[in-house]
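The chains carry the letters A, B and C, assigned in the order they are written, with residues numbered from 1 in each.
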Amino acid sequence: MRFLSSACSLLLALMFACPAQALVPEDLKAFAEGGPFERSELISTWASSQDTALTAFLDALEEGSLGAFPSGLLARTPDGEEFREWHTDTLIHEDPMTWEGIMVSNVLRAGVERARASQGLASSDPAVRREAVEALRSAASDPAMLEVVERARDRETDATTKALLQDLTRRLALSATDPERRIAAARALQQSGDASTNFKLLQGLLSTDESDDARETDPKVRAVFQSISTSLEARAAFFEFLGHIFAGISLGSILVLTALGLAITYGLLGVINMAHGELVMIGAYTTFLVQGIFRSWLPELEWMYVIAALPAAFAVSGLVGIALERLILRHLYGRPLESLLATWGASLILIQCVRSLFGPQNVEVSSPSWLSGAIELQTNLVLPWNRLAIIAFSAIVLICTGLVLSRSRFGLFVRATTQNRAMARCTGVRTDLVDMLAFGFGSGLAGLAGVALSQVGNVGPDLGQARIIDSFLVVVVGGVGQLAGALWAGLGLGMFSKILEPLSGAVMAKIALLVVIILFIQKRPQGLFALKGRQAE
Amino acid sequence: MSAILVLDDITVSFDGFKALDRLYLAVDEGELRCIIGPNGAGKTTMMDVVTGKTRPDKGKALFRQEVNLAMLSEAEIAREGIGRKFQKPTVFEQLSVMENLELALSGPRGILRALRFRPSPREKERMEEVLATVGLLESGERSAGELSHGQKQWLEIGMLLAQEPGILLLDEPVAGMTDAETAKTAELFRSLAGKHTLVVVEHDMDFVAALGGKVTVMAEGRVLSEGSLAEVQADERVIESYLGR
Amino acid sequence: MPEALSQLPSRKTIRHFLSWFAGISMVLVPLLRLLPETTFLHPSDYTVTWLGKIICYMVLALSLDLVWGLAGILSLGHGLFFALGGYAFGMYLMRSIGRDGVYQSDLPDFMVFLDWKELPWYWTGTQHFAWAAILAIALPSAVAFVFGFFAFRSRIKGVYFSIITQALTFAAMLLFFRNETGFGGNNGFTDFKRILGYDITAPTTRTILFMLSAILLSAALWGSSLLARTRFGRILTAVRDAEARLRFCGYEPLGFKLAIWTLSAGLAGLAGALYVPQVGIINPSEMSAANSIEVAIWVAVGGRGSLVGPLAGAGIVNVGKSWLTATVPDLWLYALGFLFILVTLFLPHGVVGLVGRLSSSRSTPGGKA
């Protein structure tokens, strides 16, 4: 079988390799005398030829320099003064005033396009063939092309182009003259390809507009189309939903990342650090600096600057955090509202510092090539690499933070201090040191979030302010100092807004989110993962 | 004499841990009842249930045989006539001692009343009386935050008295007091008994002995034993629970 | 450590302050305005508008002190109530433009631009001054009441409450940024022409608006100081110090908190309503989180809980802001940032506390500070 088909394709290839007899005078005469439909038809029949004369003919036709005269098909010279018979190229004297060019009507243009495409498909240059397929795909479907495309598909060697041709064949088959063929083609659409594109394709054929030529008229076929179209619609909707879920997880992972450090410092010190967003921003600017360093000194290693930026951002943000704790928060323990105001002041200073150093505009941080691009599962289900990387990164950071808090001695001290400061101090824990280090740790996590954010959004002085309110909400919903709370609240809020956004718009989604949070707090004032009993005091 | 407060089959659990386990407790009108028990016995949780701070998972808390406390908010319970003193003295530190008492005075608790409230001569007299009772007569104008720990305890007791409750719940009222202050407090409580019902949670056995009322021993969220101090001290189960198995 | 708080000043101090303030703003300034414009002492239109604006800010600061100073509830959303009052009254000002707008339509220009054919229902009646004035108080009060009811009922307090008010303001800002909301989107309301038929830019109108602001401030301060001295005021202090204890005294804190919260929002709205005709514009950036937090620092600079202090704070910070943003704009954020930090660290009782300390150390010569 395989042998047979390859033999066939060889035969076909041979057939097409020798230029077919094209543009014979009889044909041209018929062309000159025919109406738009006949002309279009004629061009199509010539189209399978490799003749360069055809290209010239089509060019001339489209330029409008061909005219049909009783004396035959004439071409006008560019200056418009002389006329030549097309196939003999002999000068003919005609009065320029009588010139009447062949109008390239839509019907004729379709014929021209078809002819060009078939010519392209027959080209020996893979790039030209690819281009021709793309052109055909974007053009209105033309059942007349079915055989041409099928043949081209069978002999195509390049896998991508072949797949495209296969897809095109199916589409064209939808308008094939044989109803069985059309039904088979629709069934095939259901099996593979992009659900939403296929759905739109069928919807186009199911048009109720009577004047639409492409419309499917056979009631039996229509019924089949209709049922397939319904199932495709459901499939497309499902993929779209998956897309929202992915967007939700992606947003959620960013929220978790930005809220994680906040949850730790809030749980430990009872202080809302209003400068947390600015620590994220500093992490993003550190990424920018690291990128600059790699560009200047290690250009061959630039692909890995993001990796190098992680410890750098952790360190820089962590140190700024420690400075904040030492200089300000230390003196305000037990006064959470005033700590909030003081850290807000610190955030203003940090923003202005960055503005003075780097300017008020966004700086350019470009993702390395291994983070750009995407996995396209469906047109409405595209998974960009940087988003996937951030989800993975958030998970790793969350797990590491969990391990640090639950397994290390430092984590033990932090947990002890969070639960009972006085008792921890009594057992010899240096709570002031724990405060400082934990605050530095939380701030370092903010820095890591900054690295992640620099890969998906703009890096500017206002980066932190734009995100901070959402992170606060995560902490409020998740409950105090709870990693699990931050995780579920972050993912939940991310999902909620991404699923709601397409329904109501981003602003309304945000407002709805706030309302839901306020209602949620009615039920669980202490957040999702509240400490119960005596400790909740 | 009839029971003023009855806790019937009260269960409270926190994340699976049963703080109160089918607790039954009845306190008679005018009684001076002491509640003792090891840490974690559920004494404070019991008070939380009575004052509406914690809702029981199961069971009934009846006040004056008709009011179901489980249905009311903290403020409503207080207005019904249940006063509570916290383990840690909590007074309004920014207000003067007199103002603290004034807020506690029994009477309407609405917003409009609060706007045009002026203490009547009778109420002023009453406040003086309470101040004298708790020994803070000289400190009336001082800000409550300036008082010593013991004085704050007394101010809080004074506020309870000004509230004129039917029953007073006192959580470790003599914690942090000197011996002399403790003795004075015991005397005060004994004088209050009869007119008021007092429920005192205490660790200090000397103080419990000085009060001389009926004693309830709680352990693991249940009542272990009840009777006079001598009786419960002789109870095998009580000794066991205090000393551990 | 307790939250830093200033003492409520005595009735005498309040009276003193009020008589000085009223003397300057309601007698001296209007008299000086009667002088010919060429005189050095004549306050220019710009100055009067600027002073009027600052007085509106002072009222806003006072409204925040009612909740933060008296009841310990830190709102980071008072900019919302201020802006809501401003928008409510702004609707009247927009309607008063009549057909003098760019498109010469009965509708405000921005609606013509959006191709709207009629006013949205919530604009009904806003052509009447009185209704707009009522709205300016009622709208922020209603928003505050609903929000406060849910927040206080679930016993949200402290930083939690602050964060949620901030989120509320943020959400409202996004809402008002939308053109579809019907309040002019990004640009908000501007290009006002007249108020009650008088030219809004005329010197006399400006003077009167200024005096109205001063009257509002005086009345609000007087009322607040009376309120703070009632049992109601003491209950608020009790809410701040030990809310749980108050509950066991038989008071339902919800009602008291809600009352002062709603009152405060209404006062902020009124301040906003007077602010808008003077500065001639209201847009959603008034609702930005930064604006609301700035109000808190006015209060802190002055000394929270002292009623008079926040007025001083609002004055000091805003005069400083006007001066700095005009001379070295880049320094303003640094200055504001350091102000936040320094005041919370070193000036817990604000300027009022500082003045009090200085005067008491002077009255006891050689004595302890």
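Criterion: a residue touches a chain if its C-beta (ideal position, glycine included) is under 8 Å from a C-beta of that chain, and two chains touch if they have at least 3 such contacts.
Owing to the predicted nature of the structure, the values given are computational and were not obtained by experimental measurement.
K.L.:
Taking each chain's centre as the mean of its C-alpha atoms, which one lies nearest the mean of all protein C-alpha atoms here?
P.N.:
Looking at where each chain's C-alpha mean falls, the closest to the middle is C.
K.L.:
Please flag the chain sitting at the greatest distance from chain A, going by CA centroids.
P.N.:
Of all the other chains, the one whose centre lies farthest from chain A is B.
K.L.:
If you average the CA atoms of chain B and of chain C, how many Å lie between those two points?
P.N.:
Here chain B and chain C have centroids separated by 44 Å.
K.L.:
Centre to centre, by mean C-alpha position, how many angstrom separate chain A and chain B?
P.N.:
Roughly 66 Å separates the two chain centres.
K.L.:
For chain C, which residues are shared contacts with two or more other chains?
P.N.:
In chain C, no residue touches at least two other chains, as defined above.
K.L.:
Give the residues of chain B that touch two or more other chains, as numbers and ranges in rising order.
P.N.:
none
K.L.:
For the complex, which residues does chain A have touching chain C?
P.N.:
The touching residues are 270-272, 274, 328, 331-342, 344-349, 351-352, 355-356, 465, 469, 472-473, 475-476, 507, 510-511, 514, 517-519, 521-522, 525.
K.L.:
Which of the residues in chain B end up touching chain C in this complex?
P.N.:
Result: residues 51, 53, 73-76, 78-79, 83-84, 86, 90-95, 99, 102-104, 109-111, 113-117, 145, 159, 163 of chain B touch chain C.
K.L.:
Which residues of chain C touch chain B in their complex?
P.N.:
Chain C reaches chain B through residues 2, 5, 227, 230-232, 234-235, 237-238, 240-242, 244-253, 255-256, 259.
K.L.:
Which bits of chain C are touching chain A when the two form their complex?
P.N.:
1, 3-4, 68, 74, 147, 150-151, 153-156, 158-160, 162-164, 166-168, 170-171, 174-175, 177-178, 289-290, 293, 296-297, 300, 330, 333-334, 336-341, 344-345, 348
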